[in-house]
Structures are given as C-alpha cells and as structure tokens.
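Below are structures written as structure tokens.
Here subunit A shows up in two complexes: once beside subunit B, once beside subunit C.
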Partner chain A sequence: MKKNEAKISKSVIDNVTFIQKSFHSNSDLVVRSVIPPLTEGSLELSIVYLGTIADKVTIQEHIMRPILQMKTISSSHPIGDITNTIEVSDIQVVSFKDAVIKHLINGQTILLLEGMDHCISADTADWKDRSLSFPQLQRSVKGPQIGFTEISNNNISLVKRYVKNPNLVIEEQTIGDETNTSVSLMFLADKVDSEILDNIRNKIQSIQLNSILDSSYIEEMICEDQITPFPLILTTERPDVTSGHILEGKIAIFCDGSPNVLIAPALFIQFFHSSEDYYEKSLFELSRLVRIFSYIISIYLIPMYIAFTLFHQELIPSELIISLASQRQMVPLPVVIEVIVFMLIFQVILESSIRLPTGITLAFSIIGTIILGQSAADAGLVQLTTLVIVSATYVLNFAVPIQPFANAIKMIRFIFVFLASIFGIYGIMLGTFVLVNHLCKLNSFGAPYLSPIAPVHIADLKDTFIRMPLKKIINTPKKYTKDDYIKKQKNE
Partner chain B sequence: MHYKQTVGIIEMMFAMMLFLQGSTIILGVSLEAGKDVWLAVLSAGSAGLLLFSMYAYIWKKNDFQGLHVIFTNQLGKYLGFITSVVYSIYFAYIAARVITDFTQYINGTLLHNMLPFFIKFSIFLILIYTYLKGLEAFIRSAVIFGFFTLVFLLILPFIIVLSGIFNVEYIIPYDSIDVKQVAETVIPTLVTFPFGELIVFLALFPFIKERQSVFKGGSSVIIIFSIIYSILSFLIIGALHPDIASSYTYPFVAALEQLDTKYFIQRIDILAVIIFMIGGYFKITVFTFASIYVAKDCFSKTNINKAFLVSCIFIAIVLLSYTYSENHTMHIKVGLEIVPKYMHVPLQIIMPLIILLLTFVKTKRNKVR
Partner chain C sequence: MKYLYMLFIILSISSIFFSQGDKHELNKTSFSFAIGIDYAKGGYEVSLQLINPGAISGEIILNNSPYIVYKATGKTIDSALEKISMNTSRSLDLQQEQIVLLGEELLRKGKIKDIIEYILHSTDIPSNSIIVTTKGNSARELLEIFSPIEGISSLEISNTLNKLGKKVSKTANDIKVDLIDDGKDIVVPYIELKGDAKKGGEKKNLETTEPTHFAFVGLALFKEEKLKSFMNYKDSLYLNLLYGKSSGFIIESSCPESEEKFAYKVTNSLAKKKEYQKEEDKYIFHYDLYLKGDISQYNCHLNLENPETSNQIEKQVKKSINNKTHKVLEHTKEHEMDPLGLGQIISQQDPKTWNKIKGDYPALLKNAEIKVNSHITIQNVGNYKSRGD
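== the complex of A and B ==
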C-alpha cells in the first residue's frame, strides 16, 4: 500500500468520496448518512463499513441505535460524546487517511463527523471461521484434542488459555503489500533468547513478498539462507505443543489465515517428539526411540538391500541368499531399476491418494494394492522381496509425527540408492558422511540443528531420546547452545 | 593469531577417539607382540599418555596457540617457518598414506573390481565437501560416528567371547612375558602409530572453547582407547593364534570372519568394515585440516591466495597417495618400518622435546627477569 500520510478533511462528503475512490466503488462498501434528531446542538455523520466483513447486527444495535437515541451533544467535544454513546468495546480515534482505509479492510466501522478532522473507528469485525475441531495432521490419543483454526486471534487465545502469564508477549506486524497479512510473534519475555528473537524479528520484517497466504510462505522466506531438505522450523497445529515450546523459551509465529503455527528455533530431535510423549508414562516409553529408529531405517533399508544383493552377497545368510536367487531367476529387470521404479510408483500412489475424491478411493486401493503389488509379483515383473523392502520403507517413514520432516528424506533416499548401486556399502558410508556433516552444519536461527547431540549438551539430553520424569525436565529449562551464526550475519 | 573458538571439548574427545581408532585396529600393528599384545598396547598407551602430556604442556605454555606460532616463538622466524612447512607436508603425507590404506582396504575386501582411482576420487570429493563445511561441523559429526563406534567396540569383546572363537590355549602361559618382543613392537611403531600421531591435534586445539579441560579430556580418551584396544588385540590373538595373527593383512577382519551370528547378517565383519571407514575418514580429514591450518598460518603474512594454498594441499595429498599405492606389501613395509623411524620419531618425539626444552628455558628466564 502506498503511504498516504494525509489527514482526513473536515467535510464528510470529501471523506466519503475519498474512501469510495480508494475502494474503487466496491459494491460491499456501505455508506450510511445519519442525522440524529437532537434537541440541543447539531450532528451530521456518516457510517462507513465493508458489508461483507463487518457484523451488521452489532452496527445496528450498538452503533446506530444509541446514536439515533442521542438527545444532546456538546459542541466542543462531539467525538467524546459519541464514543461514550457507542456500545462497542474497542474504539479508536483516527485522523489519517491510510489509517482509515486500513481499519476498513480489517472490518472496522468508521464514523465520519461533519466538521471534524478526526473520525471514530469501532471494531465490528466478524470473520467467518470454522469452529474449533480436532487437529487434522497431528492427532493424539491422550491429551488435549483441540486444533488451531485459520483465525490468528483465536489461535492466540487458545495458547493464552494454556499459558496464563503476564510475561507472554505478542508482537503483531503486518506484512505483504497486497494481502496485509497480520503476523504475530509470541514468546515469554523472561525466557526468550534476545539474540534469536532479534534475528527472527529482523528476518520477518525484511520479507519482500507481496502476498502471504499461509505460514509456510513465512517459513520459506526466513529460512532461505540455508539450502537443505530438512525443515528448520517446527510446524504445529496443536495449542498444547505450541505452549510447551513457548515455555521452553522458543518463539511462535502466528500467521493470520493459517492453522499452522511456526515454532523457532527447531531442533532435529524435536521433530521426533510428539505431545503424547509428555502425557504417557515416562522412562518406559519406547515410542521416541521407535520413531528415530524407523526414520533412520527408512533411509537405509533400500540402499542396504541393493548393496547386499549387488556387492556383498557373502554377508547374507545362505538360506536367504538362495531364496533371493530363486526369485531373481524369474524377474527381467535388474534389482536397481526394479527398486527405483517401485519407489517412484509408491511416490505416485502417495501423491495421488492425498487428493483423491472419496468416490474413487475403493477403486484406487484395488488398483494400487492388489494389481500393482500382488499381481505384479505373480506375473514375474517384480521380486516379492523388493516389494516388501520398498513398502516397509514407506511404512517406517510414516512413524514420524511431523509430515514435512518425514518428506525431507525422499530425495536423500534416492541419492543413497544411487550411491549404493555404484559403491555398495562404501557408497552408503560416503552418503552418510555427507549427510551427517550437512546436519552438523545446519542451524535453526542460531541453535545448532543437532543440539543437544552434536554439540553435546548433557543437561538437555534428559528430554531427547527418552523423556525423563517431568519433575526433572519442566523446571530446568533447556538451553540451546548458540553458534556464532547470528554474529556472522551481522558482520556481513 | 586469532582463532575462532567454536569446538566443544566433548566433541573433540570423540574426534580423538575416532582418530586413534582410525586404521589402528584394522591393521593390527600391535599383533607383532604375539600373546603379550595386551601389555604392548598398554605400555604404548602409557607412553602415548606421556607424549600427549608433553604436547598439552607445550600448547599451554605457548599461550594456547597453533603449531606455527609455537614454532616461530621458540625457534625464531625463519627456522620456525621451515619447521611449520615440514609439519604441514608431514601431515599431508600421512593423510595420503591413510587414503592409500583406505583405498587398498576397500578394494581388497569390498569392491574387488572397482578401479582404485574411483575410490580415491570419491574420498577426495568427500574431503573437499568436509573442508568446505568447516572444522566445526566435522568435529561435531564425530559425536554421532563416535557413539556408534564406541558401542560397537564395547559390545564386540562380549560377542567374541560368547561365540566361542576365542581359544584360551593360544594365550597360555600368561606369566612368561617376552619383554624384548614387546619392546620391539612398542618402540617405535606402536608409540608413534597411533598415539604419537596425536601431535596433529595441536593444530586443531586452538579452536576449542574449554581450553583448560583439554589435557584431562585427551588423556581420558587415550586411557579408554588403550584399554579397549588391548582387550580387542588380546581377543584377536586368542581367536587367530599368536604366530599366525600378524601374517594376516587385516587380522581384525579375519578374526571377525570366523564369527557366524546365524542372524540376518551372517557375518559381523561388515560392521568392522563400517567402523574402519568411519575411522579412516576421520583420520584423513583430521590430517588434512591440520595440514591446511598449519600452511595457512605459515603463509598468513604473505599475499598468497588462501584458496590457491588449500587447493595446492589437496593436490599434494592426492599425488602423495599414489606413492607405492599399487604395491600393497611395499606400502605396509614403508608404513610400519620406514615412516615410524625416520618421520614419526623425529617429528613426534624429538622435535616436541626440543620445543619443550626451549619453552622450559624461556619460561624460567622470564620468571628470573
């Protein structure tokens, strides 16, 4: 929006023309002139609002009626009198033209007074929203069953219900020249790391995007200086998870219009954590280890299969190698091609099943599972072992609670398959060296991505692989070892 | 000289552990000592501890600086420069030797038909990648690799004993210790390789955050590693036989090949292969980093392009890795007989002793003044 620092004029008609011009005579722009029958003094005013986003009942009941029932008005302070008359809680006095426009597009009602260079803005916004429901992507068996919706203010209030603390600060700003999206940072003022906060604040302010439709736009813009498939920001749609992270001293980013809240800094290990971990019994809970294990196996299973069958048959038990060899006889394609073709087919099945209309799901599952799986093996197009290995990989991959993180290894898996088919185990190790080095170099807004594992931070390890009793982890907050990363950026 | 202190002591300890483990266990140098191998390793470890304390002392008394600064402080500008260059080349040469070890091993056990060139080239690419990611990320990755290595090395003795490949009669009698044979293995081969090679860390220590705990951390790594190494060597001798063990090229793998776990992976030696790859990678990279840092410090005052210098060292490492690379026997002979005597001993023991003496005299003189 172009900066228009001009003040509004004293004439109501001029102002109304200006507003109509700014909105290009929009059909939902409602202008209503009111002249209340006063016994003393005179008042002429126009009520302006956008009919589609302002609540008409509020305007009728709490703005129009009180004004029409006014009996007197003082000539010296008409604005004060009117603000005392209107029965709306959030009222502001506005005097700049661009502020008027901004308030209108946010659903506020503007009251223009004849002869005054100020006007009144009353909050009557009524955004259409779905009602609160279960979290769609991050379901849990135990614990709160509420998820965020698309309205940022509702989401903030959900978190505020968990964290009733005066230190909980919300910083709102508007970004995106075309969409004017409101983006709010939420953090605990006494726990947040000020360097990380400054860093995130600066990055959000310097976003040069015209439109912001979802929080993922912000995620991409503030993480763009590091090229990596791994997400550097945690995305969640659960208010309890958000509260937990805020209480650890992290920063939550709410973007209006998106049910996904961003949490930064995010660590590698936290993508394996689920809110349930804290609601189930501690110490004896294996689920985190299971998730980490299955994530790692889902990278290595297919490459290992290729390396063993192509290069290191002597390492496979003899019974197994006989069974593999007898399957091999029937199959035309070399094992690498077979694996890659089936990985691609699985990827396509996943991709198409996400957006499938409910009517076709039955037909799709028959084609996808029975025909592609069973019949392909019966027809001798593919080894059964290959099918088992590839499907197991994808099943293991779903154990990770956060989807973008599970998707991060898609490409890596293909690279490992490629390396394994050239160098065998050695190639897999080469890939591992690169992968681990890459992960060690990454950092999420100054916090090393692999912390507290590498660099080792013994105090934080209590809540890493196994959750220790709450008594030990809640009252001693985690400290994120910071890199020189932020300073480096400042120097540049 | 200003060093950005970014590396934590625990990460450095893991890196030292991987470095010591490097090619040591796989090549089985200690097995020359026959059935007294455990004693040989432990005495070499003690000697290594002494050497390490000397290095740590030199480093501390020279204001926690890098190798080049230490040499110029103690030997003067020109002699210091020459010594630093010698060390830089020495590190590059050792890196090249480990690359050759590595290539021969991969070629001999895993990829029989692969041209050595491709293996060398791939190591080289990984090396460049690691260098570009920086020392900090590299040393951090040691935690992850070190953890797996440590778990494997700690479980392995139990597997060997439980699987029954260990023959007690090979070791009996316990009490007749052949001191001469032990001494021959320990000096100079086992002291210098791997313990004396720790001098390379003097080039990396300036990047450590917790400077005071370096000595404690380093010595505990040496102690833990010596104990693990001595137990493993003892078990390998028991599995293979004292007279035969040293005739294997890779006695450690040969011992593990006898294991039949009857599970999904028939032979556990694949894990040994992975452990060796990790150790080899760490050894090569540590030497490369050290060589580059020493060279960079040397030429910091001249206007030689840094990138040019680094590429020169990389090319030198690749070229050096081709000396005797076709002839495995010759390579091992050079590595176990010539290099320890004529390179390791002067550069790992004699030179540091001279520096220690000079440092000592200088600090005394300063105190008197």
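== the complex of A and C ==
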C-alpha cells in the first residue's frame, strides 16, 4: 500500500468513492448513507465498515439508533455532537485518508460527514476467536492450565492478570506493509535493561517484511545477524512462563494472530527449564539434570556408537563385542550408512505422523514401528543394536520441554555422525570443540548465550541446574551477565 | 572467531594424513580372546583362539564351531601371528585378548621375561590380559577344548580366576613388577585339564554332562625366571592369605575336644603389618591376619552358645593356619625360592642387612620363620548351637 498522506475531502461522495476504490469494491465493504430527521440543522453522513469484521449489532444499536434519534445538531461542532451521541467507548477523530483505510481494516466503523474534513472512527471490531484452552505444545501436570490464543489483546490481558503492576508497559507498533500486523512489546519499566530494549525495539522497527503471519517471522528477522541452529529467542504459549520472564526483566513480544509469544533475551540453559520446575518441590528433583543429560547424550550416542564399533573396538567389553559382532555377520550395509538411513527414516516418520489425519495414525504406527523396525532387523537388513541406538537417541531428544530447541541438534547430530565415521573419537572431540566455541560466541541481544555458566555468574547459578528454594531466587532478580566484549566491539 | 573455524578445517584436513588405518567394520574383523604360546624348537608356537560370533549368539546361519584355534610357529611371536593372519579371511584383532596362556615347557626354559616384555611392548595385546600357565598339557591343547559353561574357554578361564579374588590373577604388569623387585619371586596361576584332551576338542563335549574341562589348580612357583614347582590349590590359598586379600575358602580344623573336624568358612580376610625381626641368625617374620567368617560344618560336641567354646574354636583355627603356613614355607625352602616376598620385607625394613645378604639370599631362607598372629572373628555360628548330645 502506498503512503497516502492526503487529507480526506469535504465531500462524502468523494470519500466513499475513494474508499471503495481503495478496497477494490470489496463485497464486504458496507456503505450506508444516513440522513437523520433533524428538527434543527441538517446532517448527511455515511457509515462505512467492513461487514465481516465489524460487529453489526454494535453498529445498529449504538451508532445508528442514537444518530437517527438525534433531534438537533450544532452547525459549528457537528463532530463533537456526534461523538457525544454514539455509544461506543473508543472513538477517534481521523483526518488522513490512509488512517481511514487503516482503521477500516482493523474493524472500526468510519462515519463520514458531509462538509467536514474530519471523520469519526468508532471501534466496533469483532474478531472471530477461539476460546481459551490448554497450552498445546507446553503441557504441564501442575500449575496454570491456560494457553495463549491468536488474539494479541487477549494474550496481553492474560499476562496482565498475573502481573498486576503499573510498571508493566505495553508498546504497540504496526509492521508489515501488507498485513499491518500489530506487534506489542511488554516489559517491566523498572526492571528492563534499557539497552536490550532499545536493541529489540530498533530491530522490530527495521523489519522490512511485507507480510507477517506469525511471531516466528519476527523471531527470524530480529535474530538474522547470527547464523546458528539454536533458538536465540524463547517461544512460549504459556502466560505463566511469560509473566515469570517479564518479572525477571525480560521483554515479551506479542504478535497479533500468533499464540506464540517471544521472549528475549533467551539463554541456553533456560530452554531446559519448564514451568513445573517452579511448582514442584525442586531441590531434590533431578528433572532439569535429566533433561540436560539426555540432550547431551542424544547428540553423542550415535556418533559414539559409530566411533566405538569402527575405530575403538578394544574399548568395548568382550561380552558385548561378541553380541555386536554376531549381529553384524550377515548385514549388508556398513554401520554408518545403516545409521544414517535409519535417522532419515525416523525423521520422515516424525514428519509424517505430525500431519497425518487421525484415522490413519493407527495403521501408520503399525507400519512405521513394527514392520519397519522389527522386520527390518528380522530380515537381516539392519542390526538390532542400531535400531536401539537410533530410537534411544530420539527418545532422549524428546525430554527437552521446548521443541525448537530439541530440533536444533538434528543437523548437528548428522555432522557428528560424519565426523565420527571419518575420524573416530578424534572427530567427535573436534566437533565438540567447535560446538562449544560456537555456543560461547552466541549472544541473545547482548546477553551471552551460555550465561550464567560461561561467563560464570554465581548468583544466577541458584536457578540453573537445580532450582533452589523460591525465597532464594525470586526476590533477588537474575542478572544475565551482559557480554562486555561484544558491546565493546560494537562501540568501536 | 573466524580463526576457530580455520583451525577446525586445518585439523580436519591434517587428520586425514594421520587418521587411523585400522578402521574395520565388525564383520571384517576376527576377534581373539585367548592366545597360547608354547615352546617350539628355536622359537615359539603360537595358537590363537578366534571367536566365531555367528555361532555364539543371534541367528546361527552356518552350523560352525563357536571358535577356531589357528596355530603357527615362528622365531618370534609376531612372525607366527603373521602366518596365522595369512590363514584367515579377516583381519585379526588381538586387542580383546583376555588370557595369555603360556605352556609349561616354555616357562621351564625360563622364557617368561621375554613373553612379558613382548606383551608390554606390543600395541595389540592389552597389558591387562591375564597370564596363566598350564600343567601337563600344552597351551594349544587347552585352547582347543570346548568350554562347557561359558561357551568360550577364554572367558571361562578369566572368570574362574577373577572369582577367586583379585590377587590370584596376574597381568603382565604385575609380573614385570615382581621381576624388577628384589627379594620376591614370580607366582603365576596355573590350570589343568580334567578329562581327555581329544574328546574336549569335539563339539560333543558341549553335550555331555561329564565334559572335559579346566580347573584352577594352584600357583606355579618360579625361581628367578624359571618355573620350578607347582603348589596345589589349598596351599596356594594360604599363600594368597599371606599376600593380602582372599576370601571364600574353608579352613578345616579339628575340634578342641576330639578328633572330629569342623569347617571355618572365611568370608573376608586381610593381612596387615608384616614385620621382620632378626634373632641371631634367624629371620623371623610377623604377620597380622584379620579373618572374618562363619562356622560351617560342625561335628564337635561343645555347645556353641558358650563363649568359652568360641575361644577354643578360634584357637583351633589359629593352630591350623599356623600349621599350613609353616607347610607353605617348608615348600618354598625346599626349592630355595621366595614367592612370599620375604626378601622384600627385609630390604624395606632393614636395607643394611639386605645389602649384606643379597648375594646368597634365597639360600638363607632356610633360617626363616613365619609367625602368624591371627585375629579370628566368628560372625555366624549357625542355627543349632549344639549338637544335642
């Protein structure tokens, strides 16, 4: 849409033609001309709205009826009289053509008055919405069971219910030239790091995308300066998680139309944290450690298997090597190819099972698991141990509570498999060396990704691997140590 | 940060030049769990027990034997191994070696040092594999036996020795240490074949209830580098008792009041404080033994509920320990060897005397005497405290 800074004209007919032209005579564009039977003065006005998104009952009951019942109107301030007459809470006076269009597409009703170069915009938007429901992706056993929906305003109100604090600031802006998506930043004014806030604000303002359909578009656009498979922004659909992070001084980004709220800055270790950690007695719980352990093992299990069976057979216990060797007797493919084929098959099974109609899932699971897995081994195509190793890897991988983070290591695992098959354990060490360096290098909007582990921040470690009692962690806010090095580099 | 990625690329490329050449799929490798070395004229006869994994577990595709023994002679062990590898379709993997079985004849000729040096030097044979010797048969004959319980004879031998306690099995490292140490002679466990060697090499051996099998018989005692004598299993256990830890054996003693016998089952033992004392021309060694155990079979008539009885029983156990250790010492005196490491005790506690007597040392052991001070704890006397008569 081209920027149209022109003011609206004084003629209603001109304005209506302009609007109709702008909307290409859209069938849901409703134009209703009203001439109220006034005893004093005269008024000619047109009511314009988009029938599909505006609430017709409101228009009829609270705009049309009061206007038609008007008796008098002052000739000097007709707009003031009308705004006093119509019974809608949110009313604005608009004078620019592009603003009129913008209001219309947001579901507002425009009242155009003959002879005036202003018009009235009344909020009558009625967006179709689903009711609040359980969070779909991040379920939990204990704690709040409410999830975000697609309406940004509802989501904001959900968070506001948790954080009843005047310092909670919402900044709204519209981005995307064609979709005009409203994006809101939410933060606690007294706790937020102004530098990070400016950084995020600038990055969102400079997004040059025509269309924004989901919050993931924003995530990709504002993180594009660092190439990494790891997510630098936490995505959540839980209002309690969002509130918790906002209270730690982080910034939440709400995108209208998306149930996923973005939280920045995000740290590596926070992807292992689940909201339940705070609701359960956690000091004696191992769940976080189990998640971290299984994440690491799910990277290394397959490469280690390859390295041991190909290069370092002396490190396998004798009893095990007999059974491994006996399984390999009549297997045609080399172990590396076998593993890679099964990893790919597993990815395909995952991919297809997500989008499968529910009716076929049973048949699919029989084919996918029993026929493919068991029979392949029985037929002597693959080694049973390979199946065990590959499936164990994927099971371990699912232990991570946040899916995008679990998916981040898909590619890394393949790279490690190649390294292990060419160089053995030496290759795995080489890969680890680069992986750790890469993680150390990353930063999420100025906060080092591996903080508080590297650089070490002892106070924050209380809520890292295990959660210490709440009274020790809640009242002392976390300081994700900002990367001085990177800041210095930027200043220079 | 770019230099890191450069470093990664450089390391990857450079590793191609020194990457391991021994990359083998598991079905291209032949594993060997036991190697036997015998004496051959002018060299060694090496027999290698190669595992046939297909026949041991999983699906049996070909009805072949679980393992095959290849043998070859050579002037060095390596040349013999090379000959064996010419016979097989797969590459040999000696890194899983559990057992190094040395023929009796080879050790009688004093070749143990050569073998130990070879194992420690070799990059293939792990230095923690157990060294065992044979009595009567050659190593090759023993490796050809089908093992009735574990399925693989090498695992059966290593499990048998490990069961008896850590001090019984000896690795190349342990023997090397004993070789270097002054005043201690080598001790190597030996096994014997029970039954007919020829029948043991047939698959029928796995199907009978009275198979030809191995047995741990005791310790082979060396004088310097030559095998001198074999000590039976019971005496060897007492030898082990004096070395340090051993467990799970029975001490038989006669009852305090009669000639009937009772059995004291040792569950835990510890030898502490080996002290040396010189009296005139006698060398006296004091051992403190701490034993824990149960009364097992009890043929005596005294009531065990009476604390006095257990004191008497403890005395009897002490007595039989003293008798047995004395017998062990007599045996070593006879062959002029020192498996107990008595010389070592002297050299540690009285280096001056040791330097004087070092030259004609093992002969001087004639004057040695062992005094064992045992501390017996009876943990469990059994359900019936007295025999009721």
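Going forward, the second predicted complex is superposed on the first by the 483 of 492 C-alpha atoms of A that agree within 3 Å, B and C clash if a C-alpha of one lies under 4 Å from a C-alpha of the other, contacts with A are read in each partner's own complex, and residues count from 1 in each chain.
Note that in this section contacts are C-beta pairs under 8 Å (C-beta built on N, C-alpha and C of every residue); 3 or more make two chains touch, one makes a residue touch a chain.
Computed from a predicted structure; not experimentally measured.
Placing subunit B and subunit C on a common subunit A by superposition gives a clash between them. Look at A:R328: by the touch rule set out above, it reaches subunit C but stays clear of subunit B. Looking at the shared chain after the overlay, A:L430 reaches both subunit B and subunit C.
Legend: residue contacts after superposition of the two complexes on their common chain; A:P455 is shown touching subunit B, with no touch to subunit C.
When the two structures are aligned on the shared chain, A:S206 is found in touch with neither subunit B nor subunit C. In the superposition on chain A, A:K441 makes contact with both subunit B and subunit C.
In the overlay built on the shared chain, the residue A:T309 is in contact with subunit C alone; subunit B does not reach it. Overlaying the two complexes on chain A leaves one subunit B stretch of 114-122, 150-158, 240-248 or 294-302 clashing with subunit C, which is 114-122. Common to the subunit B and subunit C contact sets on subunit A are residues 311, 314, 318, 423-424, 426-427, 430, 433-434, 437, 441. On the subunit A side of its complex with subunit B, the touching residues are 311-312, 314-318, 320, 423-427, 429-430, 433-434, 436-441, 448, 450, 453-456, 481, 483-484. On the subunit C side of its complex with subunit A, the touching residues are 1, 4-5, 8, 11-12, 15, 19-20, 22-27, 29, 31, 33, 51, 53-54, 56-59, 61, 93, 95-96, 98, 126, 152, 155.
Listed in rising order, the residues of subunit A touching subunit C in the complex are 309-311, 313-314, 318-319, 321-331, 334-335, 380, 422-424, 426-427, 430, 433-434, 437, 441.
On the subunit B side of its complex with subunit A, the touching residues are 4, 6, 8, 10-11, 106, 110-111, 114, 119, 122, 126, 129-130, 133-134, 136-138, 140-145, 262-267, 269-270, 273-274, 277-278, 281.
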